[in-house]
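Across the two complexes that follow, chain A remains constant while its partner is chain B and subsequently chain C.
Presenting the complex of A and B:
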């Protein structure tokens, strides 16, 4: 089906794009890969009189290594670029691997990280791991820039704090301390994950300080704080035992719902399994235990 | 009188030939290929970018032509199944599909063949796991995939051996 008619704008600078967004406000949508927006426009569930194609804006491209060992990622970077970029593979191998497993190759080539985060479809892979890594997003508007944690950027299903006059320009992933480890594991039988869990471990005490985020459960990634508290500073083997002991309680009150990817109970169960797999993967252990 | 509908002129390389077209911003690439250029080898099936039947290569990489506007190929190179091989001289990928019986109804085949072309350009000697991973987004409702995978494994091994 065809989308409703719209006027196409193809600005080649950030300033021009922001001026267009100021002019057209809620009648306009930024457009990059189109892997989500165009599908919604074709289904006529959203309609915009003005489409601002931002793909020609050089300021929104590029992946740069930060001084602290982290990454600065242009919003227009595709999942395919992120999966194969040598800087990402070196500084955030877990994120490169996540990118290589998103949906299908056509989505990875066209779909951008900025678009993925701004569309805020809850069944997505990137947000959970980026939240666990402490990523921040930079929003540009004609009156200036603001930077905020990704966790605060996503408000809920298809909803972020970005105003109609703002563009997401970069995603900043801070460097992790020496010896930190990360992994993301997801499961689903359709294109999108039914559930995913990100684990980040930073050296602390006799083991690690852990961060866990479950993705795809509800509108925004959910921190699994019970697991984090139970495992903090324990030697790895002990931490994994604590995880197995605590997992059930940790997922009991996670907000989620039945949908075509599975029942709420099923998805909570997946989180217990994926938490263990992501923790074991982060530690460099065989993921599945007999 | 038929005016007032904004259009734009786009120019791109289609199967090795420079072409141009006047399109409405909302026109989808698949419709421009099938209707304006009468290249009906590109198939529409799921219409939401999931099944891969409408796969074309843009600058060498797979794209869902059902889920992108034609304006997006302005200045780029598009390869459809019509640009690959000839009836007398099949492309080695097409030849491998024939040799392995890697098709039944044939509806997914153009997209499948182009996806394989995209894979081999990125990775000349993929393992079976890499082939399966790359083709995950191309659905076939007849073959059960085994013969398709066999065809690509065979091709990759021959490529690897030179």
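Presenting the complex of A and C:
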């Protein structure tokens, strides 16, 4: 299948790109890796008269270490770059590992983090861990920039707060306190994950303050607050016991649905399994193999 | 290299590999014909509907659009075709029967223009009631897909289908031997179990592609067809053009697995070329190929009677297959499915019944071991279930009931020609020797199938003056390595080095009739035809040499570059020089295989048995339900290995393809729509899902009907995989799964059920 005809624009600066977006509005789509957009265009489920190729815009590139130990990631960074970048590997090893396991090598080389987040396909790996790490996204428009938590950026399935006149330029991942740990575990038998859970643990009390986000369940990552409350400040072994005790209740009301990747009850069950696995991985414990 | 030459290239890897890895190889999709247009197809969005009107005027008005084909253009030709039933229009006429059915086709200067024009075509439909499930399609009051059953006899397969007019049943096959009811009544135990097998897609890497050039009184096609002569025959009847005026050329084909067997998109592309009066190329996307054909899904019910000692007394098989909107080769698939459910066992009382049913889904078609995986999945699962119930080891239970070599699977079929018990034991020994082998997580399955080999085909071999050799056959090189096999057969038969043997792409204008590339038949049937053609040449050469130089023909032997006689070596060129007066010319040999070949021995079916043994060990993530086939031994008695690399590749490919329907693959229908017909939502096994340890055991009994005692192969490996995994799951966890694919969710539920029952 082939896409409908469109006009291709290839701006080399952010300002030019934003001017084009202002001009064409909903008739235009930014285009980076194309791993989502081109498939949808070829299947003719979306159509744009104007395609704005943003790959030449230097302002959207690069990975920079922040002063607080976090990362500033250009929206055009591919999953493959993120998986192999020394700064990401040092400052966010869990995210580097996540990137290394996305889809397949062709998708990782072409697909960008910015595109992944803007397309907002729910069955995706990055959002859950980035939410758990407290990531923010920077949107540029001709009238200026705005910055908001990723959690608030994603509205639902294939839907974000980005307007047709805005571009996602950077993803800011704040530095984590000394001794913080993170991990992400996903599972699925088809191309995209059926479920994924991110765990971030920051030192607190005799153990950690935990953040858990379940991904791929519904339109946006879901915080597993019941787990977080149950495990807060507990020594690791106790925290894991609390997790196992609470997991069932924590997933009971997660919004999800039956689809090709599994029934809702199975996917909720997967979240309990993956929460434990990601928590254990974050703690550096060997993964339990059945 | 010297040893390779000595063996006439039998150790040569494969001549096509280098061209394929460098991109030099010309595939069907690489063909460019001067002046050709590009075609795209508008497909039905509804599962069953009447076409009220098609407005093509806006499309035709677009610059670059040359022609639009619809059902209205078929007036004046025989618009319907088929293999068993003439049930399929070249393009939809007044009615569509499945989502994806071609409704209109556009020929334009390029693909983009053609695709744009599809958008401009207006089709008005009136929805009709539809049915996508086979059982529902057989229920009273179900919408009927085909009011007429226009049957063909001895058309592509021998015989005709037993369709039931007024219903959706387009094949109803029955067979009975012994007194089944009496055996059931008197048996110690009778086991009745049902199993389901999903619709799965062939997923060849190259989608369907055809370039057609329709002239006033001739048609030329460059096609991905596995059966060029079937394409020729169907086109000849549709357009009333003589067979000799229809040329089908088949370059390298990027995989078929049955999905390109018989006839698929060729009539449509030819009709579009006819309308456009220009050559037209149509190359489908993978999604469109998924809407072109798929394996018949099946519901298999087995009733099996055993004695107290675990002896099989009787078996009743009932298979209901979902055949989709058009019959295609489905009637043959249904027959084979029933027969392949028997297994290599002694069963004195046997009842077989199978039905293939029209539904509003993608047409079902032949797929690697037609009907086999569906049947073996059921039978080999049930064998383990019975063994468990009788507290007998599943291998011992199989061996106790297994036919010895020469035993009769069915009295009317050729006796089993391989030693199955020994093959099973050998496979188990190999698995025991594997590092980390774990018998607790092991499953075993066996299969014996009767390939639908029509022993009809020919070859022409031409020995040139410089002792180079041209082998002309219509065997399609579809990735299986058949051209390499034919080269080595000719090299050995003519005692020439393999480097000098060429096998060009099949071309019906040049090469003799061959039934088709499928049913594991090419190495045997066309291999023998090439052997016979070479023997014909050898006879001519030796008689000429004897005539020219004196002595008996028997005193002359073909050798590298010529013939060796009592007075030494004479080159082929010298021979031809002496014959023709100039040092040019050639020897032409003809080989023909018919049911009368080998003193009529080929008339009895099957020509050989294609057998398989699978022994596998699994690992299960009990939390997620994910199953991994960790180690696998695949065994087959192939008689003789003609090319080890190609043979092992076929076996590995078949087994990993079987892993797909075992664990992942299923075309899912909701509300009449196929919801996962795309490369994203339909998953085939990837490299990291293949077994970590994989051993192919090729048994060489040397007594097959083909060259050097070879038997056909390449399909059997797909058969045991699913029951091996299911049997291992049941053995290790007490979790028995009866419907494929065994997705993690199904496994997880089965594990939960087993736990609740207090299983192992």
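Operating definition for what follows: the second predicted complex is superposed on the first by the 288 of 290 C-alpha atoms of A that agree within 3 Å, B and C clash if a C-alpha of one lies under 4 Å from a C-alpha of the other, contacts with A are read in each partner's own complex, and residues count from 1 in each chain.
In this text, a contact is a pair of C-beta atoms (placed from the backbone, for glycine too) under 8 Å apart; a residue touches a chain by one contact, two chains touch by 3 or more.
Model, not experiment: these values are computed from the prediction.
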Quiz item: Once the shared chain is lined up, is A:180 touching chain B (first), chain C (second), both, or neither of them?
Solution: neither
Quiz prompt | Touching partner for A:39 - first (chain B), second (chain C), both, neither | solution = both
Quiz item: Is A:254 touching the first partner chain B, the second partner chain C, both, or neither of them?
Solution: neither
Exercise. Look at A:285 in the shared chain and tell me whether it touches chain B only, chain C only, both, or neither; answer first, second, both or neither.
Key: neither
Exercise. Could you look at A:264 and tell me whether it touches chain B, chain C, both or neither (first, second, both, neither)?
Key: neither
Practice problem: Kindly classify A:109 by the partners it touches after superposition: chain B alone (first), chain C alone (second), both, or neither? | Solution: first
Quiz item: Thinking of the overlay built on chain A, is A:1 touched by chain B (first), by chain C (second), by both, or by neither?
Solution: both
Self-check item: Partner chain(s) touched by A:273 [first = chain B, second = chain C, both, neither]
Solution: second
Quiz item: Taking the superposition as given, does A:189 touch the first partner, chain B, the second, chain C, both, or neither?
Solution: second
Quiz item: Residues on chain A in contact with chain B in one complex and with chain C in the other?
Solution: 1-2, 4-5, 39, 104, 191
Practice problem: Provide the residue numbers of chain A that touch chain C in the complex, in ascending order. | Solution: 1-2, 4-5, 39, 43-44, 104, 187, 189-192, 260, 262-263, 266, 269-270, 273, 289-290
Exercise. Would you mind writing out the residues of chain C in touch with chain A in their complex?
Key: 40, 111-112, 115-116, 119, 285, 287-288, 620-624, 626, 663-664, 668, 675-676, 678, 680-681, 683, 686, 743-745, 748-749
Practice problem: Give every residue of chain B touching chain A within the complex, in rising order. | Solution: 5-6, 8, 24-28, 31, 47-50, 52, 55, 61-64, 67-69, 71-72, 115, 118-119, 134, 136-138
Quiz item: Can you list the residues on chain A that touch chain B in the complex?
Solution: 1-8, 10, 34-35, 38-39, 42, 51, 53, 55, 80, 103-107, 109-110, 191
